[in-house]
Amino acid sequence: MVELSRGFASDNNSGIHPAILKAIYRANSGHCRGYGDDPFTKSAVEIFKEQFGNEVDVYFVFTGTASNVLGIRTLAQSYHTIFCAESSHLNVDECGAPENFTGCKVLTLPTPNGKISSDQIEQYLDAIGNEHQSQPRIVSITQPTELGTVYSIKELELLARFSHRNGMLVHMDGARLCNAAVSLGCSLRKISGDTGIDVLSFGGTKNGMMNGEAIVFFNRELSKNFKYIRKQGMHLASKMRFISTQFIAFFENDLWIKNAQHANEMARILAGELAKIPECTIVQNVEANAVFAVIQKEIIEKLRKRYFFYVWDSNRSIVRLMTSFDTTKDDISGFISAMKELIA
Amino acid sequence: MVELSRGFASDNNSGIHPAILKAIYRANSGHCRGYGDDPFTKSAVEIFKEQFGNEVDVYFVFTGTASNVLGIRTLAQSYHTIFCAESSHLNVDECGAPENFTGCKVLTLPTPNGKISSDQIEQYLDAIGNEHQSQPRIVSITQPTELGTVYSIKELELLARFSHRNGMLVHMDGARLCNAAVSLGCSLRKISGDTGIDVLSFGGTKNGMMNGEAIVFFNRELSKNFKYIRKQGMHLASKMRFISTQFIAFFENDLWIKNAQHANEMARILAGELAKIPECTIVQNVEANAVFAVIQKEIIEKLRKRYFFYVWDSNRSIVRLMTSFDTTKDDISGFISAMKELIA
Amino acid sequence: MVELSRGFASDNNSGIHPAILKAIYRANSGHCRGYGDDPFTKSAVEIFKEQFGNEVDVYFVFTGTASNVLGIRTLAQSYHTIFCAESSHLNVDECGAPENFTGCKVLTLPTPNGKISSDQIEQYLDAIGNEHQSQPRIVSITQPTELGTVYSIKELELLARFSHRNGMLVHMDGARLCNAAVSLGCSLRKISGDTGIDVLSFGGTKNGMMNGEAIVFFNRELSKNFKYIRKQGMHLASKMRFISTQFIAFFENDLWIKNAQHANEMARILAGELAKIPECTIVQNVEANAVFAVIQKEIIEKLRKRYFFYVWDSNRSIVRLMTSFDTTKDDISGFISAMKELIA
Amino acid sequence: MVELSRGFASDNNSGIHPAILKAIYRANSGHCRGYGDDPFTKSAVEIFKEQFGNEVDVYFVFTGTASNVLGIRTLAQSYHTIFCAESSHLNVDECGAPENFTGCKVLTLPTPNGKISSDQIEQYLDAIGNEHQSQPRIVSITQPTELGTVYSIKELELLARFSHRNGMLVHMDGARLCNAAVSLGCSLRKISGDTGIDVLSFGGTKNGMMNGEAIVFFNRELSKNFKYIRKQGMHLASKMRFISTQFIAFFENDLWIKNAQHANEMARILAGELAKIPECTIVQNVEANAVFAVIQKEIIEKLRKRYFFYVWDSNRSIVRLMTSFDTTKDDISGFISAMKELIA
């Protein structure tokens, strides 16, 4: 067995939480009908209803990009506009999948901290009814944002109300929603469906699963044809039980809370230590499991060789440090020591 | 742990082979860079080169539909035609994903045993150069076919030569290629790249993996932009190592051969037993791990309740019985007994 | 001015009827708001309502392919199936535009005379609700068919009723609908909306216009977003008045009837003359303005040089002869003489 | 005949130049083969070669949106990025057709005067080779810009060189290219192909034609499959001769120059008059046939009733006034008088 070192590149650089791997073992017995017609998927769906409300409709897919794109595809026609933050995964990290699969215009809004507001969208609403222009339809927000900040419940409610009032629907990219819930001390439902959002891409992979994301519809009218969209979207798993069993373990004994809490706590500690280093500046509020900091250009490359992480903005020398369910205090102290050493 | 009974519905109703599950466990240590930049993926790619030739280019995705659609997308423009058997998975079982994601016309050829021939395509070649018509470009074949028959090497070579002579490329849906290789007693390479085909969708899931399919390009000129197509196709796995490690175990100690050999052997035994029952007729050659048989309408439903399987053609009362790596002789004798009992 | 000879290749080889050209002149004065917000378009829409019923919603585009594809796009999602005759323009002559622009599966039905029936579709209806398969949604028929035959009102009503009963909608490719109306002695409305069809692609170009096709929705619920689809479909004319004015003239003094009547009459005469030639066999009922006949291979090429026309089926030596609003009796007698001469 | 008043809304609110209408009449004789296989199209293509160079490949379509979208589609794959000005027609006025038909990401660059520069694109080039991001491929510029400004030859050359050096191709939206050529006192070729751009959408409609746009490829390698893209793009005209004959007249006796010169001259005069009114400010250089001016909010609506025009930016009270080949000095003096009257 190769022992791989841990870094701060991304929470998806971590492996599988032992309890989730155990659940895969547990489900590996005999035959199950394929494509989700199995007892594990039935149980997992029930658990999602407990977490998000009885009226939700939930579907599993393999990747975060698929959960964003297919969720939105269900709500939008090709002549619609998707509003999102310029920094959003949807815009920057999906190789144009949203445009290609939905046909929609992706209209980006600049934002220093990853959060968008209704004011920014308002100016585009005079396109409504004008056949020359893509029609405003989807407001896509990321919770927590790509910059590690968290929308307050109030902010979410305002965005949802504004969107609905203007004939739009709200999509939430919740690849790390657990980290936001823990940060706000709320249930998952409270910061998603209860705020008025319409569809949620809910992430498992970044919080300890091997693979598996869920698309949660808070309005069954919207999802009635989703099963065709998922299959046409190439994301109907044949051995679905192995995604479902992971989600069962994910919610068992509040594992999702423990994992997210740990990751957030590690980020806070890391940020605290970094703040003590005069050569380093924290540039975003640390509200989930990401730390954005300015580090001297000269030491970045050397540091990356010992603890891998990504440069977010090379011009401004900003790096992104992500913590995950398996980050240890030793990882942090090792990282801080290495940094101090390099600075000195 | 729920003990689930085995049936003959599909080889994807089976679970994970223990050696493959062990490999997942083995890879679950520390952090790895995401998206395939990890040692497991490097090793898996090397193994594919050993199996398919040093010049191949290989990529992993989650589902068979994705491996078919994305492989073809890479070779075709939206104004192209894809020729395939009417019974092909591409045509029947992918909810229109090929049309939607490639934009191409899917032109189906009728075939009693799942195999297509160049004669059937020849009549459509006068479309070449005619701007009013989709241009012939892709010949997609399934090996073994959806009807459990196997193309001979000669047949594959002829199709490839015909296709290339006419400016077309050949895609092979090899979701069960291992079963065909074992059936023909050949290496995987011998019945794919060596016959002249251009791109192969190679299946792992149906032969004992949890999830994972490979797209194998036999010409690197064709695949040079595939990485963008996979990402835009929503199938770039973040924790790629867990697909790769499965493929490593899949090829270790010839596991793929053992699994496929077993499944094929079980199909032969099952077909042999069915042939002894006068009320039952085998309607396709049993060349891989599928048995197609006419069973009396009256007993189908009752039998399905004890051993789940699918009706292939309800008008003609034809059922499909698939065996898999974990089918046992007891499953077969139990099934045959149940059937005899119901007939009597 | 080059005097070009007339042939029997297609009714779109003819030019512009003088009354329609005059209408273009008439509209060429001063400025009009673009994109259809002009008095000519308003008048033309009113005329369509007179012809097709007050409740219709009508839009103009430039080409027949656009009118088919955009009309269907409005009614279908990418996971839907379009049923049509194998010989339909939609399938054969639009370079895959339906698949590419709608994402739908085009499922073709074989038919000797261009007409499809509900029996042929029935066998595919068990796909309904099965997420693995494209969902039956559109039945597209051509009136008159590509083979010059005409659906009776009864046949249309049965198809529409069958389609609606099964959750499907009916599209009619009426590129030559005028010829069918004249053939059946009915109003345009009687053989389209009144039979229950949902959307009609209505042709002007082949019956004497310079360019211009109309998409007629018989149910405004279906068309409410069509204006965006037309614009996104690249077919919103800026100087729309020049399409509209053509349609005004098209309906003025029953010009459409006179043109279609003449073309049909010429086809009847041509067929009558051909029938007298023993070496020639008429192979389809001549119900509109097309004649399908077997002509000896040896004389086809020579004849084509004097009167251009298309070979429909080279294996069976079947040619297609189309008449148009400007075909003359002299054209026919010249053609017959030339043929006799070549045979002799 | 309704006598319609002229305004300043758009150059597409004008009608057909008499010489062009005459050319339509001239082409209306006898039969021509459809879809461009006719003598008028052959002549028109020859004329384009005279204007743009012998090596060009040219195709006609009906609308400006089609010429932009289909031209770009030919050069780009769905995983590519199109860079363009935020104010470009491509981004604002095509209802998402570029995204829908090409699948590409449309990445907009802010620009006060409609011109983009290589500096703005440079920052996005680190996406090259990164599979998570759409790949930089198309730089689309508008000449003259939507703001009535004109790129200098130098600026065009720099953009083309920059683009090619970075593996990108340049598309020029030349819906009003004639106005730019006249403005710079250059041939059409000099300000398009000679500067290094790869594909040009060349407009006829806005400079006196009834309908017709051309897509000019300066590299035949790029256009070899364009005929399929045009047909699949629903823009292959059956009675093509009537577009071609318009283009013949368009270039005969330098009509295109006369028309564009007149329109530009009218814009200069209009701007000159407006500059004399203290309550009015010209906010863009008047380099082609558009005038952008701040006019008091109170009088805009009243003025629009007498001379129709569009408000460009309601917040800043900027209006756009377009002149065309048929704008008269009386129109201008009438407009100025009306304005003064309303101010007073």
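To keep things simple, chains are lettered A, B, C and D as they appear, and every chain counts its residues starting from 1.
Please note the rule applied: a contact is a pair of C-beta atoms (placed from the backbone, for glycine too) under 8 Å apart; a residue touches a chain by one contact, two chains touch by 3 or more.
Bear in mind the structure is a predicted one, so any value in this text is a computation, not a measurement.
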Rotation angle superposing subunit A onto its copy subunit B by C-alpha atoms, nearest 5 degrees: 180
Higher-contact pair (C-beta pairs counted), A-C versus C-D: C-D
Centroid distance [mean C-alpha coordinates] between subunit D and subunit C, Å: 33
Inter-centroid spacing, subunit C versus subunit A (mean Cα positions, whole Å): 50
Residues of subunit D touching at least two other chains: 78-79, 94-96, 100, 103, 131-132, 228, 231-232, 236
Topology of the chain contact graph, where touching chains are joined (line, ring, star, complete, other): complete
Of subunit C, residues touching subunit A in the complex: 35, 77-79, 103, 131-132, 135, 225, 227-232, 236
Interface residues, subunit D side, partner subunit C - complex: 1-7, 9-10, 12-16, 21, 24-34, 39, 62-66, 69-70, 94-97, 100-101, 205-206, 210-211, 228, 231-239, 242, 308, 326
Partner subunit C, residues of subunit B touching it in the complex: 78-81, 92-96, 99-100, 103-106, 131-134
